[in-house]
Amino acid sequence: MSQIIEKTVKKSLATAAILSFTAFGALASELTVGQVLEPPHLDPTAGAAAAIDEIVYANIFEGLTRIDQNGAVQPSLATSWTISDDGLTYTFNLKKDVIFHDGTTFDADDVLFTFERARAEDSTNAQKGIFAPITAVEAVDTHTVNITIAQPQGDFLFNIGRGDAVVVAPESAETNVSTPVGTGPFKFVKWDKGSRVVIEKNAAYTGEAASIDKATIVFISDPNAAQNALLAGEVDGFANFPAPESLSIFEADPRFNVLRGSTEGETILSINNAKAPFNDVRVRQAVAHALHRQAIIDGAMFGNGTPIGTHFAPHHPFYEDLIGTYPRDIEKAKALLADAGYPEGFKATFKLPPPTYSRRGGQIIAAQLREIGIELELINVDWPQWLADGVKAKDYDFSIVSHVEPFDIGIYANPDYYFQYDNVVLQAIIEKLNVTADEAKREELARAAQKIITEDAVNGYLFQLAKTGVWKAELEGMWPNSPVEGNDLTAVRWK
Amino acid sequence: MDSGLFARALKHPSFRLGLFGSAGFLLLAIVSVFWTPHPTDIVDVPNRFGEFSSVNWLGTDYLGRDQLSLLMVGIATSLKVAALAVAIGALIGVPLGLIAAAQRGWLEAFILRGNDFIFAFPAIISAIIITTLFGPSAINAMVAIGIFNIPVFARVARGAALSLWTLEYVDAAKLSGLSNGQISFRHILPNIASLLIVQATIQLSLGVLAEAGLSYIGLGTQPPETSLGLMLKEAQSFFFGFPMQAIIPGIAIVLFVISFNLLGDGLRDTLDPKLTKAGGIDVAS
Amino acid sequence: MSLVEVKALHISFGEREVVSDINLSIAQGQRVGVVGESGSGKSLTALSIIDLLPEAAIQHGEITRNLPKGDKLRGKHIGMVFQEPMTTLNPLMRVGDQIKEALELHLPDIDFDSRVAELVAEVDLPPTTALRYPHELSGGQRQRIGLAIALAGEPELLIADEPTSALDMITQAQIISLIRRICDQRKMALLFISHDLGAVSALCDHIHVLEKGRQVEHGETTAVLKSPREDYTKRLIAAAKPTRRRLTTRKIGTPLLELTGISKRFKLPGPFWAKKQYLQALDDISLTINEAECVGLVGPSGCGKTTLSRIIAGLNKAQHGAIRFDGQDISQQRGQMPKAARRELSMVFQDPFGSFDPRLTMAHSLYEPLNLMPELGQTERRERVEMALERVGLSPDMLNRHPHAFSGGQRQRFAIARSLVLRPKLVVLDEPVSALDVSIRGDVLELLAELREKFGIAYLFVSHDLDVVRAVADRVLVMERGRIVEQGDVDAVFDAPQADITKRLLNARLSI
Amino acid sequence: MIGFAVTRIFGVAVTLLVAAAIIFLLLDIMPGDPARFMLGINATEDAVAALRTDLGLDKPTLERFFIWLFGLFQGDLGISFSQREPVTALMLERLQVSLPLALSALFLSTIIGLPIGIIAAQNRGKFGDTSAMILAQIGVAIPNFWFAMLLVLLFAVTWRIFPPGGFVPWGENPAHAARSLVLPAIALALPQAAILARIMRTSLVDIMQADFIRTARAKGLSLNQAVWRHGVRNALLPVLTIMGLQFAFLIAGTIIVENVFYLPGLGRLIFSAISARDLIVVRSSILVLVALVILVMFIVDLTYAWVDPRIRQGGQRDG
C-alpha cells in the first residue's frame, strides 16, 4: 500500500519539477480554490446552503460582529458594543467611513434595514430564529444602533456574527442573489454559473486588507475530479476536500499541505425517538452499545474525525467527555434488546442523505447493528427527500446527519424536531441556558444537558466532522477549523 | 433459437469466444446467489485494501470486504439489471412491433410515433425522471434502460415481421382462418426469434454499460448493493493509492460487454443477412 | 478469329466446383446464347469473361480476348447487363449521371450530355428519363438504362445475364427486340444468358446448354432445337413448348362465384395536407365462375390480377361491390369472411419456398386449415390430410419433415394438398407453376387437371403465361389497368383477340 | 422535399408538446419541497410557507402548467426557484458548454469512425481490418466515464497538456474554452467512433455485395472507385440513422462526462436543480435536452431525404 503511494508520488514529483513554472509563480497574487458544492445564489440572508457562506462570508459580507478562527466573537462592522445591565439592550458603535462595494456608504440605516428585513413576516431568512428574540432595532445616531431583545440571551453576539445576519444595503439587497454587494475585503467580480465565482481585492477596504488580489472559487463536486484538479495544478487548494481517502496521498506529496481541523458538525446516528421500538430507552442504549465509533471514523472518513459521546463539539470549552458511557459491548446490547422485548432484534429503515460520512458510515453501522440482530434497510435519499421524510413527515427510523450549527444542543428541547425527543427536564435546562449570560452558569447547564441526552441515548453519537483542507504548500493563512460556515480568505497568501 | 443456428454459429470463432466469456460471467453471477468466497455484508475496516492473497484472491475493498465476492455479486447485479431491462424492452416492445406489423393503419402509425417519442428520451433522462420520483436504485435504473429498450425491440420486431407478413405461408394461415394474433404468435414470432435473441445480446451488453453510467452519476445501484458500475465509481477516488480497486471492475465490465457483443456478432453473422437487414438490427448499437 | 475464346473453364469455391470444363467462343457480331436452370453455372461463366468473378472464386482454364490491349476491358470493350432491374442501378443517382459516368471513363473527349441523350434515345426512352432516379422508372425502363450504360463505352461484346427474367412478357419481348436491333446496328457480339429457351432462341445464332456446371450440348440454335441429342435438352425443349390441352369430361355446372362491381383503390403516400392520390387497382369488376370450371386470368404486370385473386380468396377486402359464393353473400365490407365460405375456398400460391413456414413440419402446415372445422375429431382429421396427400401423390410419412427437405415440385404438391384438405369447391391458383423449373411444370399442371376431373373443383387460374392458361382453362379473362377488357372461351379469345392488350400479350410469347 | 419537411415539422411539434406535458406532470409528483430545501433543516414553517407563496408553488398544477407552456412559446421559462434568475438565461449559459461538446464529439466520432469503417471494409479480413475491429470492439465496451478518467490521468495529471476540467466562458477566452472541451469531446467521441466504425464497415460490406456495385464495375470502374463513388454514399444511409440515435447517446454521455470534468453543462444544471427541487429548471432543461434529440432526429430525417430521392418523393421512410 505505502509502496504504491510512494511510486505515485515520485512520478508526480518528476512532472512537477518540469512544469512547476507554469503552475504557479507568475500569478502569485491570484488564488484558485476548489469548492464541492455550488451555491444556489449568493445571498447569505436568504438561504441555508453552506456553500453561500463559504464564498461570501467574511470575504464579501460582514456582520456587526464576526467569529474568528477559534469561534470567539470579534468586532467587525461594530467596532465596540455595550450590553445593558438587564442584558436586554445591545448598543453597537458602528465603524466609520465604510462603503459598500457599489459605492454607497454604510451607516445605521443599513443595519436597521438588515434587521427589519430579516425579522419581517415574509422574510425568507433561513435562521429566522436568530432574529426572533429581537423586539426593537433603533438608530441612536448615524453610527450607533440599539438592539433590544425580549430576554437575556447568551449567544446573541455570536449569532449576529453568522452569515445569516450580515449587513446588506437597501440599494442592493434584492440583487445580492446574483451580484452580492457587501462591505468586505473582497468584491464580487462575476459568477460563471456551474463553474466558478471570481472575487477580487477591495481596494477601498478600511480594515486589514486581503493579501491576494483575486480569488476564483471553482466548483468541483466529484471527489475524483477534485483530486485530479489538485494534482494537475488547476486549483490551489480545497478548504473542505471531499475525498478523505485521498488525504494520505496529499500528505505524502511535498507539493501539498493537508490541514486537518474541526468543524461544528456533530455527526450522529439520528433515531426517531417517538416511534416504536425506539421510544424505549433500552433499545436506544442497545444501539449505542453496538456502535464502534473508531471503525466508523476509519472506514468512512479514513480516520478523520474526533469521536464524540454527546451532541457537543469536543473543542468547545463546555464539552463533557461521555465517550465511555456506552462502551462497545455486543452482549450487553443484546441483553438490553431482550429486556425491551426484542431478543431476536428487528428490522428498521435507515435513510441516508448524500454526504460521504452518511453513505459510507451507513454501510458500516448497518454491519455493526446486524451483530445485535437489527437488520437495517439502507435507503439513499437526497437532501430535499430527506427533509421531506425526516423533518416534515418524521418518516424514518435511523439516519446519519452531521449537525453543523455551532452550539446547537438546543434542538433537543424541541419535541417537533426530527428526533422527536420529548424530555421536559432537558427542555427546562435549555430554556434556562438560552436566557443565561453568565459563562460559568452556562457551562454548568450545557454540561447537564449533554449528560441527559447521552444517558437517554437520544441518538447514536459518532464523531465530530473534521475539516480537511488540502492546499498547495506555498500557501499560508488558511483557517484550519470551521467555527462558523464560511471560508475567510483574507489572510491567505503565497509564501 | 433453433439448434441449427446455434450449431452453425459454433463454427464462428468469435461466437465461441463470446459464448465462453458470457457463460463464464453467467456462471459467476449464478454462483454468487448461493455462495461467495466471503460474505459481502461484513465490514472489516482494519483489513481494508488488502493485497491479492490466498484468503482474498483479488484483495479487499475500502471496507475490508472481499473483492472477488463483491465482483461476483456485482456481476450478478449488472447482469440482472441488464437482463431485466432487456426483458422489459422485449416483453413490451416485441408485442408492440408484432401488433404494428399485423394491424398496419393508424395503430401502426401510433406505435411508430410512440417509438420515436421514447427514442427522444435517452435512458439517462428517463433515469433522471424516474430517480427523482422514486429515488435511485438498481430497479429504477433497470426500468429506465428497459423503457429505452422498448422501441428498439419494437422496431426490430416490426421490421422483421413486416417482411414475413408478405410471405405466402402467412396468407395460407389467413386462409385457414387464423386470426392476426394467432398468426403473429404461431408463425411470425418463432421466425423472428433468433433475430430478437441477437438483439437481446446486444441490448444486454449495452445495458451493462448503461447501468455502469447510471451508477456512476448516482442514479443506479446504491450501496450496500453493488454492481460493476458502482464498484468502478466507488474505486475512482482510490485510484492513486489503490489502482487495482478500479482496474478490476473496469476490466470486468470491458470483458463482460465484449463477450456479449461477440456472442451477438457471431449469431448475427450466422443468421440470414437479409432478415438481419430487414430488422434494422443496428438501430440500437 | 473469334472475339472471345473460353477453353476448359473451371470455377470453384473452395472445394466445391461449380463450373466444369466449359468451352465457348464468340465471334465478331455473333449472338451466342447460354441456357440452363438456376445453379447451372451460366452466370459465373459470363462473369469470368468480363473478369468480375467474386474474390472467393478460383478460376482455371483459358480465356482469350481478342481485344485491344492496355485499355480498360470492362465497359470499354465488353459491356454487361444484369438481371435484377430493381437493384442494378445506384438508387441515389440520376440515371443520366450513371450513364455519363461510363462515358467519362471511356470517352473523355466527347460532349457527355448530348451523348447521354443519344444513348437514352437509342434504348427507346424519352429524353427526360435521364433526369430521373431509378425508383421512378419501371423495371423495363431501368433495364433499358442498364443497356444504355453497357453501350456507353461502345463495346464489341455485350453480355446480357438474364436481362428479361424479372420482366413481364410484353416488356420482355420489347427488350429482346431492342437488344437484337442494337446488336444489328452496332455490329456488336452478344452473349445472352437465360433460363428461358424461348428467349435465347429468339435472339441467338448459337446456343450452349448448361446443366449443373457442365456443358450438355451446344450448336447452331436451329439445329439444337430441331434435333437435340441429350435428354436434358429434350426435356427443356418439351417444357418450353405449349402444353398439350387435356380434355375434360366434367360438366360445367351452375354459377359458384359471382362478383359484381368490385372496386378497390390504394392510397398513395404523400404529405398529409395534400389532396389524396389513389391508385385504382380494381375498377368495377364483375365475373362469374361456375362449378367445376377452370377460369384463366391473364394480364400484364400491375393489371390488378393478383389483387383480384386475393379478394376472391378473402385475403383482401374490396371497397365496393358484392361477392356471392355458393349462393351466399360473402362481401366483406363488414367483418371477416364467414368460416363456412372459407372452408369451400382455398388458394395455392406462386412461391413453393415461401408458402410453408420453415420452422414447422409439413404435418403442422397441412393440419392448419382444419382449424376451420373444429367439429372434426382426431381420426377424421388424419384421414382428411392423408387422403389429400394421396391425391397429390405424396405419402404420409413425409409429413414429419420440414419444408427444406423437399424440392420445389414436391412443395407445390404439398401446397395443393393443403388446399384440398378442406375439400373446397373453388381453388384460386396464383401462378402455380411460374416459380417451378420448366422441367417439372408439366407434372404439376397434369395433377391439377386430374384433380378437377376427379372432384369437380373449380379453378381460378392466374398466370402471366398465356400458353399455360390455354392448356388448362375453359374460359379466360383478360385484365388491364384494373378492368376486365376481354373474356370468353379460351380458344375463341386467343385465336381471335379483340382487345389490344390481348393481342400484345399473344405477340409477346416467345415459344420455340 | 418541402412537403416532406412540413410533415416532419408538424410531427416534431406534436412530439414536443406531448413531451412537455409528460415532463411537467410527471415531475409535479416528485417528492420534496424546494422552499424547505432552500431554508434548510432549522427553518420555521411560516418561512417555508412564505417562500412557497413567493415562488408561486401554491397555485394549482394545471395553472402552473399553462403558465409554463405559454412561457415556452415566448421563450420565457420563468424564474429559477433556487437561483432566482430567469431559467432561459441559465440554460443558454449551460448550452454554451453542452452543445459544442455534443456537436464536437459527434463531429470527431464521425471523422474518426467513418474512414476507419470504410478502410476496414475495403480490406476485409486483412490485418488492418482485424486490428481495427478488435480496437473497435474494445472501444465499444469501455464505459465512457472510465475512459474519461484515464484521459485525465494521462493528459492532465501526468503530462499537463490539457486542463483536468473546468471551463472558461467563450467570451472570456475562446482558446481556453476550446481547450477545456478537448478531453471531454475525445472521451465522448472515441466510444461512439468505435460504434460508427463497426456499423460503417458492416454497411459497406453489405453494399459492396449490391448489384449496382457490380454494374459500376462492369462499367469499368475499379473496385476502389466503385466503393467510393457508389458504395459509400449508399452505405451511409443506415449509418445516418445510427448517427441520429447516437446523438441521444452523446447527450447522455455529456451528462456523465460533465461530472468527470466538472463542466458547467446542462447535465450538471439538472442535477443541481434536482437536488434543490428547482423543478422549473429541471423541467425546462430536460425538455431542452429532449428537444435537442428530437431536433437532431429531424435533421437526420431531412438529410436522409436529401440524400435519398426515394424518401424525398415517397414521403415515408419504412422502419
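Observations
Chains: A, B, C and D, in written order; residue numbering restarts at 1 for each.
Everything below uses one rule, namely that contacts are C-beta pairs under 8 Å (C-beta built on N, C-alpha and C of every residue); 3 or more make two chains touch, one makes a residue touch a chain.
Keep in mind that this is a model prediction, so the values were computed, not measured.
Interface comparison, A-D against C-D: more C-beta pairs in contact at A-D. Mean C-alpha position of chain A lies 39 Å from that of chain D.
Centroids of chain C and chain D (each the mean of its C-alpha atoms) stand 49 Å apart.
One inter-chain figure worth recording: chain B and chain D are separated by 22 Å, centre to centre, where each centre is the mean of the chain's CA atoms. Note: centroid distance chain B to chain C, computed from Cα atoms, is 45 Å.
Not a single residue position of chain C touches two or more of the other chains.
Annotation for chain B: residues touching 2 or more other chains are 236, 239. Each of the following residues of chain D touches two or more other chains: 31, 149, 153, 259, 274. Interchain contacts (touch definition given at top) occur between A-B, A-D, B-C, B-D, C-D.
Within the complex formed with chain A, the chain B residues making contact are 41-43, 45-46, 48-49, 51, 62-64, 135-136, 218, 222-224, 236-243.
Touching chain B in their complex are the following residues of chain A: 1, 4-5, 8, 223-224, 227, 231, 243, 245-246, 248-249, 295, 298-299, 354, 359-360, 362-364, 366-368, 370, 378-381, 385. Those residues of chain A that touch chain D in the complex are listed here as 11-12, 15, 19, 22, 38, 40-41, 47-49, 121-129, 177-178, 192-196, 218-222, 224-225, 228-229, 231-234, 354, 382-385, 387-389, 391-392, 401, 403, 405, 411, 418. Here chain B touches chain D in the complex through residues 113, 116-117, 119-125, 128-129, 132-133, 155, 158-159, 162, 205, 209, 212-213, 216-217, 229, 232, 236, 239, 246, 250, 253-258, 261-262, 273, 277, 280, 282-285, going by the rule given at the top.
Note for the complex: chain B touches chain C at residues 2, 167-169, 171-178, 187, 190-191.
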